[in-house]
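Next, two complexes with chain A in common: one pairs it with chain B, the other with chain C.
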Partner chain A sequence: MNSYYAATLLVYAGVDIIACLALNLQFGVSGIVNFSFIVFQAVGAYTAAVLSMPPDTANGGYQTYVGGFQLPFPIPWIGGALAGGLLAIPVGLVVLRKLRSDYQAISLLVLSVIANSVITNVRPFLNGAAGIAQVPGPFADQVNPLTPSYQLLYVGLTVPCVLLVWLVASRIVNSPFGRSLRAMREHELAATAIGKNPVQLKMTIFIVGGVIGGLSGAILVGFIAVVAPSIWLYPETIILFAAVIVGGRGNNVGAILGALLVPVGFEEATRLIPPTIGEWVPPPNLIPAMQWVAIGLLIIGFLWFRPQGVRPETRRVFEGGPE
Partner chain B sequence: MSPTMTAAPDKPMLVATDIHRHFEGMRAVDGVSLEVLPGKITGLIGPNGAGKSTFLAVLAGTLPATSGTIVLEGEDISRLPAYQRARRRLVRTFQLPSEFAQLTVLENLLVAAPNNRGDSLFGALMGKRYWVGDEDRLIEEARGLLKRFGMSAKESDYAGTMSGGQKRLIEIMRALMLHPRLLLLDEPMSGVHPKIVEEIQYYLQDLRAGGLTILMVEHELHMVERLCDTVVVMAQGKVIGSGTMSSLRRQQEIVDAYLIG
Partner chain C sequence: MDLYVAALGFGLISVSVIAIAAVGFTMQFGITNMINLAYGEVMMVSGYAAFYVNRAGVNIWVSMIAGALAGAVLSFLLNRFLYAPFQRKGTNLIGMVIVSLAASLMIANVMLAIVGYYSASYVVDQGPLVRSNGLVLTTAQIAIIVVAVILMLAIHLLLRYTRLGKAMRATAANPTLARNCGIPTQRVIDVVWLITGALCGVAGVVAGMNSENFTVSSGAGYLIEIIAAAVLGGAGQPYGAMIGALIIGMLTELSAAAIAPEYKEVVAFGILVLVMVLRPQGLLAKRGALAAAG
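Up next is the complex of A and B:
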């Protein structure tokens, strides 16, 4: 395994872990079926891109986008995170206040489709379907991004973000606030009847998830140097849901495990499939298509046979209480 | 924890005036007025579809009233959402089990407790040291309730695994964690094993002895007779009588409408 491959794997794992921890807070802990999660990652990615890129007139103006502020690290990452949180405010206010949870899920799915469509078709805004390329990563002007040391540097920048998000997620999940979120997930009306404001709880965790989702997008775009609508189609959210369901809803360790097993593990496992089987050369899109079939089967299989996931939500036994 | 009687004994704790709740023309609650006296158990009885549970939900704010006013100890709470009423310690239970199934029994109690510094995003992010003092105090209080209701051994079990009767008890204990001024019970005995019914009856008497005010919807008339100081009878969305159970039994209209039914 060469260092490029290892770094790619680690950064992808970091991005997926961060995204799954955020989705776990929203879906696993709080019961918000956020089918538009990938949009928040994309907003983070685009924001980080336009904050770190030069104006679109540079490089011969072959791509058009708003902004282009050439701001140094860590501003693009912070900006990406903030943009995710800011987007969560209007979306949450429209979707989470009045709608029943199943309609919330449908609305968020539709939002994901609309957002992708709009960005694809409004080219002057963020360069349409082609997306934005040549996004400079952190310190790319000081360290050559094509060297192993830059790859190592990027891993070194990603790891503290993973740890920070882990700290935030665990503090929330293990606190009385996390308990209120879980109570709301279990029985919203009963939670209201004991003084919980479900709209406030949902909005809070939706914004927190938006911030973390935005951060994951910012980290990703700095590494792969490109963001385009084709990488944030709505099924990408389904992969993250599969990860949280497989790993264990409501359990942060489960979310991490799910991130490693599903988005990272699947991608890696399919690399091991030989390009030809004997004389037979499979059609080129067979493996990606089979991945989707496998993701679908994985979700159904887990919901059917082990809905609590590999690492179920922890039962809290308090000191001095019976086991 | 002991529920406290905060109103003067002669002044009503809660005054509901001319409450209406209509569902697309159907008058589920049709001009109900009612007073609940402090430190007493008031029963609300009536045939199925009389509007009792709807009225209770309107008082608690889980259903908005079409019109009418609700005053809790001098404060008009008619326009407040349910969670605000709960924070003013007007607390309801539900006709159907409403435990937080994937929380343990102890957590079901703790989650209801107000004034925990860790029960906000800021508090959570500050870390355990910031809120552990409140948590320890509330655990002690919740364990006191569990002991009083004979459920200490179950504190670490998921509430969803409890029997119907135990779920009722959890709900009552959960409500008590809010130190209610007025507790609204919606058929606390329904679907409960007779042995637990006796237990619940005992606990309710005990709570009344401690000064707690209760308004209770119940179908089991012997229980209502034993527990309730005043009984209000509803039929077709209206109040058709009130008084002690024995006085109600002497009113022919009420007997015809409900008591022999």
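Up next is the complex of A and C:
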């Protein structure tokens, strides 16, 4: 195990934990099926990229994109988070106000597919299908990104973000606001009857989730230096849903556990599959395809056998109340 | 101007393809209360089933029957062994959407493992050109339109004038009450999945004929247009889906002529957003043959 591998694993784990905490706030705690979650991560990534990169005329202009402000850390990360939150406002206003819950889900799914196809087809905006490459990470001008010390530095930047997001998520889940969200998830009409405004609650948590999702994208793009439509296709959202469902909906520990078990653990486990089984060489597309099938099976299996996940949400009961 | 007349021709075919698909999709939703996100993938399975039959030298119109059968059987099995058990277990609407999306993911990737990433295309005898007022269509294209019209008429007659259609409408309106009246709702729902699955299968084949080629990933794009048409018409309403298909099909093709073909899906999406903001219940809400349950 060398330090590159360890750093990569840690940064990916951090990004997935942040994303799962955000999705858990929306889906697990509030019952919003955000099938376009990955779009918010992508917006954060693109924003961080164009904020930190030089103008597209540099490097011979082989890629075209808007912006190119060359701003120093931490502005790209903050910008990515803000962009995620800003996108959540119009999307939330259209989707969350009037629609039935399953309608909301399919609308967001459609948004995810369309957003990807628009960015792919409109090349001048964000370099189309090829995506934006050579995105400089934080402090890349001061520390050589190819050294182990930079890898360590990146882990050092990611971990505080994970802790911060966890802190925010715990505060939300345990606050009266979180209680209102759960009330809305369990019985929207009853929550409305006791004076909670479900649209306001949903909008708030949708924007908070968008901000956190944007941050996760910003962290990711600084590390892998590339963002392209092919890394944020809609099935990526399903992986995060699988994580939250497997880990345990509605509690942050469950979300973190899910992030470690599904996106991280899964990726690591498939590395152990031998390239040849005996004499038989599987065709190149078989193993990735089977990974996706396994994700689907994982979701369906957990929803059937253990819908509460590995670590169920604690049932919060009022001591004096009826059982 | 000729461009727009040609677009009108393409529009007619698009309308036919979307109408066949959207009526099946919306009936599944209206009668079984299930937004089946695997619909696009079932279309692709049927499309490939017909492709292999077609490649073996069989005429495309006969292959279409194979596609319809594949769609019917797969949809039936999907409901019998996946959706219905989850619904009996009392899984909520959100849970069912997630289950169907997971099913869609699995079908797409099993297919990918079998057929690969390569694009497929049918061998179609396009027949002589038919011209009228600047509108140029091939005989095969006219046949697609005729198939769509026949299927729409058949669905209309089925829902309106047969005992089975009446039983379907009763099941859609109130399953418990329907069962108490002696309607075997379980069997009705099985038949609904067979019929809508067959529609889905035919739609997969005509969609493949309408485009130069198709791949496994075409399913997601089809699904967008279908959802847009179904939601525009009022989800669960077969007649609404037909109107929705007419509007979506025409506007997407005309916009392809006016702006650029890449933005077809975006136009469909724009219509969807407008509908959701202005009239989320769709054009034909609370009227027509099937009211959306729930």
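As a working rule, the second predicted complex is superposed on the first by the 316 of 323 C-alpha atoms of A that agree within 3 Å, B and C clash if a C-alpha of one lies under 4 Å from a C-alpha of the other, contacts with A are read in each partner's own complex, and residues count from 1 in each chain.
Definition applied: a contact is a pair of C-beta atoms (placed from the backbone, for glycine too) under 8 Å apart; a residue touches a chain by one contact, two chains touch by 3 or more.
Here the structure is a predicted model, which means the values were calculated and not measured.
Model built by superposing both complexes on chain A: chain B and chain C fit together without a clash.
Looking at the shared chain after the overlay, A:195 reaches chain B, while chain C stays out of its contact range. When both complexes are overlaid on chain A, the residue A:179 reaches chain B alone and has no touch with chain C. After overlaying the two complexes on the shared chain, residue contacts for A:292 are found with chain C alone; chain B is out of touch. Within the superposed three-chain model, A:278 lies out of touch with both chain B and chain C [touch as defined at top].
For the pair chain B and chain C, the model built by superposing on chain A gives 8 Å as the shortest CA-CA distance.
Looking at chain A, you'll find no residue that touches chain B in one structure and chain C in the other. Remark: chain B residues 60, 62, 81-83, 86-87, 91-94, 98-104, 106-108, 110-112, 114, 116, 118-121, 123-125, 127-128, 131, 134-135, 139, 143, 152-153, 155-156, 158, 174-175, 177-178 touch chain A in the complex.
Contacts from chain A toward chain C in the complex involve residues 31, 33, 35, 94-95, 98-103, 105-107, 109-111, 113-114, 117-118, 121, 234-235, 238, 241, 245, 283, 285-286, 289-290, 292-293, 295-297, 299-300, 303-304, 307. Interface of chain A with chain B (complex): residues 168, 171-172, 174-180, 182-183, 185-187, 189-198, 204, 208, 250, 313, 315-318, 321-323.
Every residue of chain C that touches chain A in the complex is listed here, in rising order: 35, 37, 82, 85-86, 89, 91-99, 101-103, 105-106, 108-110, 112-113, 116-117, 220-221, 223-224, 227-228, 231, 235, 262-263, 265-266, 269, 272-273, 276-277, 280, 294.
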